[in-house]
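Shared chain: subunit A. Partners: subunit B in the first complex, subunit C in the second.
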Partner chain A sequence: MTSTLETPEQEATVSPPAPGRLSRLGDRWLAIGFISPAMLLLLAMSVFPLLWALYLSFTDYSAARDVPASFVGFDNYAEVLTSSQVRQRALTTLIYVVGAVGLQTVLGFSIAYLISRRTRGRGALTTMFLVPMMLSPIVVGLFWRFMLDTQFGVVNSLLGSLGLGQVEWLTQQRTAMLSLVVVDTWQWTPFIMLIALAGLTAVPKYLYEAAAIDRASEWFRFRYITLPLVWPLLLIAVMFRAIEAFRQFDTVYILTNGGPGVSTETLSFHVYKVAFLGFDTGTASAYGILMVLVVIVLAQFYLRYLNKLKEG
Partner chain B sequence: MALSVDEAVPGPASDPTPHARRRTGGGSRARAVIEGGLLLLLAVAMLFPVLWMVETSIKDGRDVYAVPAQFIGFDATLDHYRDVFVKPGGGRSDLSVAFLNSVIVAGASTALATLLGVPAAWAYSRFTLKAKKDQLFFILSTRFMPPVVVVIPIFLMYRDLGLINTKLGLVLIYTAFNVPFTIWMMKGFIDEVPAEYEDAAMLDGYSRFQAFYKVTLPLLVPGIAATAVFALIFSWNEFVFAIFLTSSSDVRTAPPAIAGLIGGTTVDWGLVAASAVVFALPVLVFTYLVRKHLVAGVTLGAVRR
Partner chain C sequence: MRFANRSRGPARRARLAGATAVAMLVSLGLAACGDDSEPASKEAPSELDDLTDDPVTLNFIWFEWPPAQALEDFANAEYTKERPNVTIKVDTVPNANWHDAMFTQFAARQTDFDIAVLDSQHIGEAVTNDNILDITEFVEENIDTDAYDPYLLAAYGQYPQAETGQRDEDASLYGLPLLGDTWTMIYRKDLIGEEPPKTWDEMIAAAKTCQDENPGVSGLAFHQSNGSDAAAVTYNTVNGVYGGNLWESKDRKIEGVINDEAGHKAMDVLVNQMKPLTAKGSGNWFIDEVNAAVAQGKACIAFQWIAASGGLLDPAQSTLGKTREEILDKLGFATLPSQDADFVPLGGMGMHVSAYTSEAEQLEALNFMRWFQQPEVQKKWAAAGGVPSRTDALQSPEFLDAAPFNVVYAESVPRLRDMWNVPEYARLIDIENTNVNAALNGAKDPREALDEIARQQQSVLESSGGLD
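What follows is the complex of A and B.
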């Protein structure tokens, strides 16, 4: 590497300096030429559809009817915001997001902490823990659906051999939500673990050594050295997961299909029903735009914080 | 942020942590054993569903539904795997067509995203641009949109353009959600290559483009490979767009096809398990290949050293 680079550097003194202004103008065109194809694709596939949805959200358009849309002002937004159904879905989503992400954070951080304290077998252990995260939510959802089956599911079979009764995991209101949280936790605990582990391994060793010289207690080391240094990264992971859980659709679709009743219908699932089963495209668009606003707010927090972390 | 990604993820743990080494008494050894046992228990809990899926996929039809569940001593068979690829009456099964479609769609969208994303990432890394940070954040935030919401206007747009139920439509939308990831991930790799290399090459008579193409690009190959593998996994696993934008079995990718297996009144769970294993296997192999970049990969390139 170095040998190939020394030649031009040595020649630098002999060859004439690069034509400054011209190359800077060339750079400009090169930058535009390199960035604009990617930008155009994003504008066409992400921004334009959102603008279209924004337009539709002010109309009574339905994808099933062949009637031109007529303008209805803020009616759709009023309908969504005052709907008790939507409020219920928002609550369901909140329970799901807080429950799943909370559980993942506690579990993921604990596992990462335990792994970071080990001297041997760290690599193998980490790899084992990471498997669920990379699987498609479809595969995960299908498989848990099979394992949680009331009659021949392995979970009930194990409970049975422990002398416990059968549980209708996916067909009873309370356990259905619990199952959803458990499945999401099973899949995404590795995510939190991975990032927490990255933070834990980055804590400089000399800090622990200094603490040991001062005969600091283990709790003190954890509370005043480990936690403050890992916390920022952990928060990033939690925010990332919260956004993901908020927009999650696949797991609900496969595992419970929103049921029993509407007890596991999250906002993502409800908007799908309004748009693709009710064909109420205008209302669904308003609904969607409101969801996008929530995501934008969450994402702004995430990005601001990320930015701060990078500069700090 | 002094954070080494390489250290965080697998690879031999060569550095014993000092506080672990310091502990010598019998009490701390007992504690280490307890901690190790706890970890093992958690690892088993994490891996059990995967093992159960593999086991179910090789179980004979009746044993799949056995009550109580059979952990050992079942009749092993590869019939389910044959059913994944071959129709009962012979010929290619719908699932095998779906797998082929998945390969085409994931492959094409990854190639396109790499082609569009790498030059853009280079430009963002090397040039001072107006509102560069805002542009980069805008790019990443398009990736955070809820897919169920985006799919509504995309569906209408595709219906007008005749892209509904076509592989091209899927390729385009997958490219659009892989481009932000590619840009962020590659920008990290490109930032690690000193710009002075290009300056030196330009003094040697190369144009800026040639310097990128002949000096920087070869150094980026491992990074591009890792980024492409992640993009491949994302497209391969994607479900929401696939199920809403395609309907016929000759266009459908594997995730909706596998999900479709549980649509009927009776579900052949052996077949579901076998197809899930076939579907997940390449992902696990690829994940193993990019394990060093997992932290950056799963955070869409946002978190790195």
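What follows is the complex of A and C.
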């Protein structure tokens, strides 16, 4: 028995490479071989541009001029951080992120909660709700632009048939921001819904059964069973959405072009203008790096909170 | 021994992987620095003896609008009679992306177009960055410059910028006219009468009366969008009409010039007298929206670029009549009214040869430009829907009879005024666009908006970069 067990092990240890396989190509090298194309792509498309942008952010380089970059230290960073224009865009972005993600969270969770309570047609309903998320933001922006048109749009037509007046959705300061929030909410509520639904489905049924035996109220079950168990997952969804909304560009570009004036210009939109209207590449790079830093720092705090929540 | 080897292995491999990554990044960095060598020459040759007989595709870049398709059709039909081996392709992008599409390629020192159709204000940026060929000598040798209104030749090619109505013979030329353009006033003859208003104040009064008498029809329709140069051109036009100036070019002074008394008067007229006569929600209107309002009979008076007005006479796109004649019974086209001064906005574009395309294609592009400026070709271009720049073509029946608004252009030529043709143009126009748009949509006090324009634009001219 012993010899029978030992023999294959010894054979495996000393077995020669399979025919056609290079003698020096061990498992690790094979793994490296398989991973390296993806790694090279990552280096070329993500790591290198980031490092290059970091380098440019310390220079006065302009992509449009045929002049070598000169080192300017932290001047570009100081300029971005002390700019009143940047502060204004940061506030706009904050309002947008809080408004859009807040609304999406409430709606997404509510829809997921309602769907989770249904036993029939849940799959069909979920699929239907997911459709907006699968569309390109440019397409979404274009058709919402038509729908929100003051003169010919279907939204105002509907309001008119209800006896309400015309609303200038895209050309007034407050309604333009509201329109952006609504459009983003329309498209991305399904994302929150999907993750919340996954969380709700994973809540063990026996907890509800125990609560039912104790004759716990609906609110009690929601407050002390459902919400605490879904909360961490929901927070992860909120983080993803907040990061996405923070770098929002396409919907703003199509829907309001940052207007009226610059009242819906987000940070990303402003970086685009600095980079491509003035070709102020050094400043735009510093601006972009600072945006990345803000996201990383906030995400770190957020993740620590999530970890604490998990440990608790 | 085996364990010792095993423990060193991963560390060595990690170092190797790290070294490989660093090497990759360094090589990518070197690649990103690109080929810093200067192009062989930035000056166009004056002789075009070495044209190739091999198949050539001459690529233009322009924005999406009817003249772009008209140019491609016209050039492929006519130029190929002289050069059968050449195919013309006019690539188009949305208007809002036009500048970026050209200048990001220029920035990469590699263009997939041979001829950039630049707005007059783009020339400064392109020349300063050596993106286009200097064609001064080529023009001297190949083009009959006396056949042009001097300002038209200067506006689409000269740098430094020409003063209104003049051409500096000593300045270099970087392009030749492709399409002339200016604003036309479109008015409803059936609603305000056959005779167009002669002054700006009369025009506003006529629009108000028309709006009051015709519910559902707004008095005015004009460009107000914060994209492209829409709202800025509108303000600049009213500024010119009320005797204002955009800047003092010699001193590069904007503060105190654009926002002088005349400038504030113009902003007040635009925001407080003209805006209330426009349709609700028209604060983001540009070319298409103004055309739609006119074609659907929703505006008494509108202002539009001539080159974008052709569709208004198409019965398939209009509710004003079932034939072109029926539409023309209702629509009139006139030069802009004057008030304290007599300016109209310079529109249109020139052809400019990319410094980064191959020599064979540069020669072909220059040959095309030489061919295009011939008197007979200019007349044919006029008949095909283009707006020529040669004086003989402008006064030819082929041009004047081709469309009712062509006579408007011919009459407007002596009144044309341009904006700033400087490398900082893109930033200057964005500042003006966003602030005028804000004033038009109630997001900013008009006086405050104009002062902000002056302050920000002056800051851009003085620092040539940076944020506020």
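We adopt the following convention: the second predicted complex is superposed on the first by the 272 of 312 C-alpha atoms of A that agree within 3 Å, B and C clash if a C-alpha of one lies under 4 Å from a C-alpha of the other, contacts with A are read in each partner's own complex, and residues count from 1 in each chain.
The criterion applied here is as follows: contacts are C-beta pairs under 8 Å (C-beta built on N, C-alpha and C of every residue); 3 or more make two chains touch, one makes a residue touch a chain.
Quick caveat, the model's predicted, so the values are computed rather than measured.
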**Asked** Looking at the overlay, does A:Trp219 come into contact with subunit B only (first), subunit C only (second), both, or neither?
**Response** neither
**Prompt:** Touching A:Ser83, do we find subunit B (first), subunit C (second), both, or neither?
**Reply:** second
**Asked** Between subunit B (first) and subunit C (second), which, if any, makes contact with A:Ser285: first, second, both or neither?
**Response** first
**Request:** Considering only the touch criterion stated at the top, classify A:Val154 as touching first (subunit B), second (subunit C), both, or neither.
**Result:** first
**Request:** Would you sort A:Phe249 into first (subunit B), second (subunit C), both or neither based on which partner it touches?
**Result:** first
**Item:** subunit B or subunit C, by number of subunit A residues touched
**Value:** B
**Request:** Identify the partner contact of A:Arg120: answer first if only subunit B is touched, second if only subunit C is, both if each is, neither if none is.
**Result:** first
**Asked** Taking the superposition as given, does A:Trp52 touch the first partner, subunit B, the second, subunit C, both, or neither?
**Response** both
**Request:** Could you say whether A:Gly259 touches subunit B, subunit C, both of them, or neither, answering first, second, both or neither?
**Result:** second
**Prompt:** Of all the subunit A residues, which ones make contact with subunit B and with subunit C?
**Reply:** 28, 39, 44, 47-48, 52, 63, 151, 276
**Prompt:** In their shared complex, at which residues does subunit B touch subunit A?
**Reply:** 1-5, 7-13, 15-22, 32, 35-36, 38-39, 42-43, 46-47, 49-50, 52-53, 56, 64-69, 116-117, 119-120, 122-124, 127, 129, 133, 137, 139-142, 144-150, 152-157, 159, 172-173, 175-176, 179-180, 183, 197, 200-205, 207-209, 233, 236-240, 244, 255, 258-259, 262, 269, 272-273, 276, 279-280, 283-284, 287-288, 291, 294-295, 298-299, 302-303
**Message:** Give the list of subunit A residues in touch with subunit C in this complex.
**Reply:** 28, 32, 39-40, 43-44, 47-48, 51-52, 60, 62-66, 79-80, 83-86, 149-151, 166, 168-173, 256-263, 273-274, 276-280, 283
**Complete:** subunit C residues touching subunit A in their complex are 13, 17, 21, 24-25, 28-29, 32, 38, 96, 99-100, 103-104, 106-109, 125, 128-130, 225-227, 279-284, 298, 424, 426-427, 430, 434-435, 437-444, 449, 460, 465-468
**Residue ranges of subunit A in contact with subunit B within the complex** = 5, 7-9, 11-12, 15, 18, 23, 26-28, 30-31, 34-35, 37-39, 41-42, 44-50, 52-53, 56, 63, 107, 111, 114-140, 142-147, 151-154, 157-158, 160-161, 186, 189-191, 194-195, 197-199, 201-202, 204-205, 208-209, 212, 218, 221, 233, 236-237, 240, 243, 246-247, 249-250, 253-254, 268-269, 271-272, 275-276, 281, 284-285, 287-289, 291-292, 295-296, 298-299, 303, 306-307, 309-310, 312
